[in-house]
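In what comes next, subunit A is part of two complexes: it sits with subunit B in the first one and with subunit C in the second one.
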Partner chain A sequence: MSGSGKGILKGLGITLKHFIETYTVDRKEGKNRYFTEEGILSRRTPDTKGVFTVQYPEEKAPLPEAFRYIPFLVYDVGEDGNRDIRCTSCGICAKVCPPQCIWITRRTDEETGKPMKEPSQFMIDVDICMNCGLCAEYCPFEAIRMDHDYEIANVDRMKHHIFDLEKLLKPASYYKAIRPVQVEREEAEKREKEAKKEAARAAAAAAKAKKDAENNS
Partner chain B sequence: MAMDEINKAGVTIPPELQGQIAITTLDKIYNWSRSNSLWPMMFGLACCAIEMIITAASRYDFSRFGMEVMRPSPRQADIMIVSGTVTKKMVPQIVRLYNQMSEPRYVLAMGACASGGGPFKEGYNVVSGIDKFIPVDIYIPGCPPTPQALLHGLIIMQKKIERQKLSDADWYKKDVDNEIPVPILGPDLIDPRKYALIKEQTHKPAFQVVEEVQNGDE
Partner chain C sequence: MAMSEQVSVSQIPAFHEIYADQVKLDDREGYEGFIIPAEFLVQFAQAIKSKWGYDFLSSVTAVDYFPDMMEVVYHAYRSLGGPALVFKVQVSREDSVVPSLVSVFPGAELQEREAWDLMGIRFENHPDLRRILMWEGFAGHPLRKDWKEPYFEEENKPFSSRWPEGVAVRSETLNPYGSNVQYPKDFDPETWTPEADESLYLGLKSFKENDGLDTEKIIINLGPQHPSTHGVFRMAALLDGETIVDLKPVCGYLHRNHEKIGERNTYLQNMPFTDRLDYISSMSNNFGYALAVEKLLGIKPPERADYIRVIMAELTRIASHFMTTGFLLNDLGAFFTPALYALKERELILDVFEAASGSRMMCNYFRFGGVFQDLPEGLLEVIRDLAFNRLPKKIDEMDALLTENEIVRSRCIGIGVLTAEEAIALSASGPVLRGSGVPYDIRKADPYSIYDRFDFDVAVRYHGDIFDRYLVRIEEIRQSIRIIQQAVTQIKDGPIFDGKSQYSFKVPPGEAYGRVEGPKGELGFYLVSNGQANPWRYHVRAPSFINLTSLRQMSLGEKVADVVAVLGSIDIVLGEVDR
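Let's turn to the complex of A and B:
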């Protein structure tokens, strides 16, 4: 029968259940629910009961891997410990950026004056950035990626929020730590590409050998 | 615990009196109480307002920092959270609300649009950052900032307040007028005082305008 208000009662019942469970679970588990490693982990599961507050500065809500905030630049650590910046300053990210918040200057060789494949300046105005992730999506060198760090509020926009190369550069190990699944996928794609290339090369070599054999006979 | 935080006046307390007296400076106790009772003004502008609402709700709950009462009146508010895109039509109202807030007052620019215009920074109807009009204390990047990012911004705000000094506070000085003139922006913002003129111009038949332009050229 419609109009009997059953639906409302059912909905309110769910709210009431949450309300009661908030107390019963808190009484049962006590303070272990907050501030302890197990408590935070148990609250991450989908079958958590009751409502709770994330006690923000002490504990932080878990971030999904695909969470994106401000972009950062990935660098590999070379064998002799120096930074090997992946960015080649091709400028694709600056072109696709919808709010146009990326500025890149290409480095030129001091002796020959020829442009080099690395940036001398890379700036992102994080107060313009809209966290869309298009730069990371389009980057062909896996050089620019979206960060998880959201604690960057500050008092002066011009002094603190125009991120330069030093502020943007983060090691590849950090990238792997925050986005393990994505790194795994990218590496698998790279391996597949390599394998395809290798197969094509082998096939070409075989065809050539066959042709040579036919010509000789 | 709170006692330990404010009791740092640089005076050593004799051991027999420890835990019985507290020596502090007026600045510290004044800022401690002020920074822990920041009342935000309740107004939202765009999508960032949704995140602000979540921050106020039970999951993140900024009443834990003494911000529980969002005041709908600027007279009772301490901090203005500019949460979202500021259109040119909204700027006069925001500046007027800022003028109506009582000192000490703070402004927090939440999100890309309020801080620097964001994706609309060169838009015809959006101002590129509220800081062009009113002094902003904290900028929070993000589009929109997550509730935790907003909480982080508010904590930075509290820290900033704790560093202020009564002796050089603007709002206790004489002859300091912080009133900001309410802006009337460019030709693309409709000025209510010129409705008659705008109506006269826009209601002219097109050929008449063409004639006027041609006559003007001669």
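Let's turn to the complex of A and C:
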């Protein structure tokens, strides 16, 4: 082993290069490098050089569409402006939830006492939720989806960290805003299904008409 | 066996014919391997090691077949490669005594302690059979099926209290602090004084050296709260001056009984929990678990999913090795410059994970028969850019920054030596094993997924010191980049999932052992299914934990400051050690 110190000097050269780069890159790319969407994005590409850190909370790293945080419930806005909750309280999300942090009370018809297809209460303990996304993945009604809002810190977890129906509900427009590609795909699938159903119905009607015609003749 | 007779490594000898009097074939449906009577076990172990080349005892665990019996399950491999030799010992639940294999395979030491602690199997002639993950005032053996935790709700998830009339209750309000622990009979925590440390210290070898000086041995504890331990981990060291004479790892501070949680969960519900084992490399954890369940289900993912899996697993390896290298330098005193350069590359890789799976670290990306979703548009381009343009440059830079550095060399070369024989005997795996000159990599030795399609070399170095473990990691990053370059070139469009997309499904009865070459070493998942939707037994063969068996051997004769570097070179993650 040599004691010449060449290796150390070479290493120091690399750190010096990194240090100088922070200035040269800033100079070349100008002010837009900071506090702008493109600037932050450009700092996260494979050819990025210079300052790399994002200065949270003034700057926020861009979220990819797939990003998942605590779930929320989607509602559509009906024609008369009331909220049309998509959840049918089928209970799949509560069953698939790995830490079992979802509690649902199914609404029952006050007159007949029969269970209805909507929740009267829906609770998620966000301290327990592990953001795995399985509830959203297995929901057959596109009713529960993962959120992008990760700033939910609070001073009193006992008071605020069990989210109820009121807190969980968000409009379908919000869902579309944070996950445009997914919504697009889901709508395309729905249209395809509808078209298939329509075709099957038409075929059945045609077959019936043919049969009737045969019987009549 | 005649010496000239050729034995293929992939061939498992018919031990039930060779030892027809003692050994029985395990012919239960879905099971494999041999059943050995307890009194024949040590002899059998010696025979497979010296005669048949099964020198690597990978995993030791137990299964509680409540209410019939306990079964201790061993997985042994040839260090030349090939499939596992599985053998089992069956004992009664009331009197579970099995001879210890530490005398034959020293690598069984910590694993047998774990099986004693969690399952209550008493290993006769074990040199130091104490609890390892639970504390000494703990009542019972928690993985036994008749043991129930204080927050116990039901045997299996999903819990029926959640739906259709679910009202949120915090478990701590049902079971407040103080009543959430169970003590052994006649145990009073108020008057108890810990004897555990005494027995720990007594277990350390006392040295009798008479050099005419009146010297005294000192015991020092490194940790549990110490930055060098990368978490909460403790080493009790016996010192002669500054030289380590004996050392014992103490762990369990982060224990949460991952395996019991896993046995309450359904198969699918376990997937996000595996992320939290070695939280640096969740994709690899997903991989091992998915392989084990797919073995039970008898399904295979479509081709594109296989490629995505390999790309993700290799990116994980790069991220993990970058981090280990950076933090090894922290341990050596180069505070945070190399670590931050390493973290920068890891950030770019985590961006890829986030775009694909939705989470940077807790990916939960693999499903049984594929992956959760296809790569979003443009992501493959980013991966390609990383693999061809950025990462090769950056690993060269890291290499130039560290490898020739005189301080790194003088602190690492010749320190913490583990010979090849010791490494195999102590069941070391991953870069620890390969740094000691054993070219054993599961991707080559027992290929899984589609690793046989890629052209890559097994990184190996021969001195077994800290420096060689470091060099192996640098080389492995280069090899992983090679694999990703091939994978992104070969990958084609196609489906990414070909399995059951139900949230709960029954799994055919039987056992399966899925193992992958994780960044830390051999990561194995041992599953036993009884045909229900929840695994009957779920065991993790955690490489970080088992690699710690060789910590003592590496540290003997070194200085205190070097132990910190030795531990850094093993690369442990406490989430996986303590489970």
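A few notes on this one:
Heads up, the rule we're going with is that the second predicted complex is superposed on the first by the 178 of 217 C-alpha atoms of A that agree within 3 Å, B and C clash if a C-alpha of one lies under 4 Å from a C-alpha of the other, contacts with A are read in each partner's own complex, and residues count from 1 in each chain.
Throughout what follows, contacts are C-beta pairs under 8 Å (C-beta built on N, C-alpha and C of every residue); 3 or more make two chains touch, one makes a residue touch a chain.
Keep in mind that this is a model prediction, so the values were computed, not measured.
In the superposition on chain A, contact of A:P98 is made with both subunit B and subunit C. Touch criterion met: A:R106 reaches subunit C, while subunit B stays clear of it. By the touch criterion defined above, A:I178 reaches neither subunit B nor subunit C. Of the two partner chains placed by superposition, subunit B and subunit C are both touched by A:D125.
In the overlay built on the shared chain, the residue A:I144 is in contact with neither subunit B nor subunit C.
In the superposition on chain A, contact is made by A:S89 with subunit C only, not with subunit B. Look at A:V25: by the touch rule set out above, it reaches neither subunit B nor subunit C.
Residue contacts after overlaying the shared chain place A:G5 against subunit C, while subunit B stays out of touching range.
Put subunit B and subunit C next to each other and count what each touches on subunit A; the higher total goes to C.
Counting contacts by the rule stated earlier, residues 52, 98, 100, 125, 130-132 of subunit A appear in both its interface with subunit B and its interface with subunit C.
Of all residues in subunit A, only 1-8, 10-11, 14-15, 18, 44-48, 52, 63-68, 89, 91-92, 94-98, 100, 102-106, 115, 121, 123, 125, 130-134, 137-138, 146, 162, 181 touch subunit C in the complex they form. Considering their complex, residues 51-57, 60-61, 69-70, 98-100, 125-132, 150-157, 160-161 of subunit A touch subunit B. In the complex of the two chains, the subunit C residues touching subunit A come out as 157-159, 161-168, 170, 265-266, 268-273, 337, 341, 344, 347-348, 351, 354-359, 362, 364, 372-373, 376-377, 382, 385-386, 389-390, 397, 400-410, 413, 503-504. Every residue of subunit B that touches subunit A in the complex is listed here, in rising order: 58-61, 64, 112, 115-119, 121, 129, 131, 136-143, 145-146, 148-149, 151-153, 155-156, 160.
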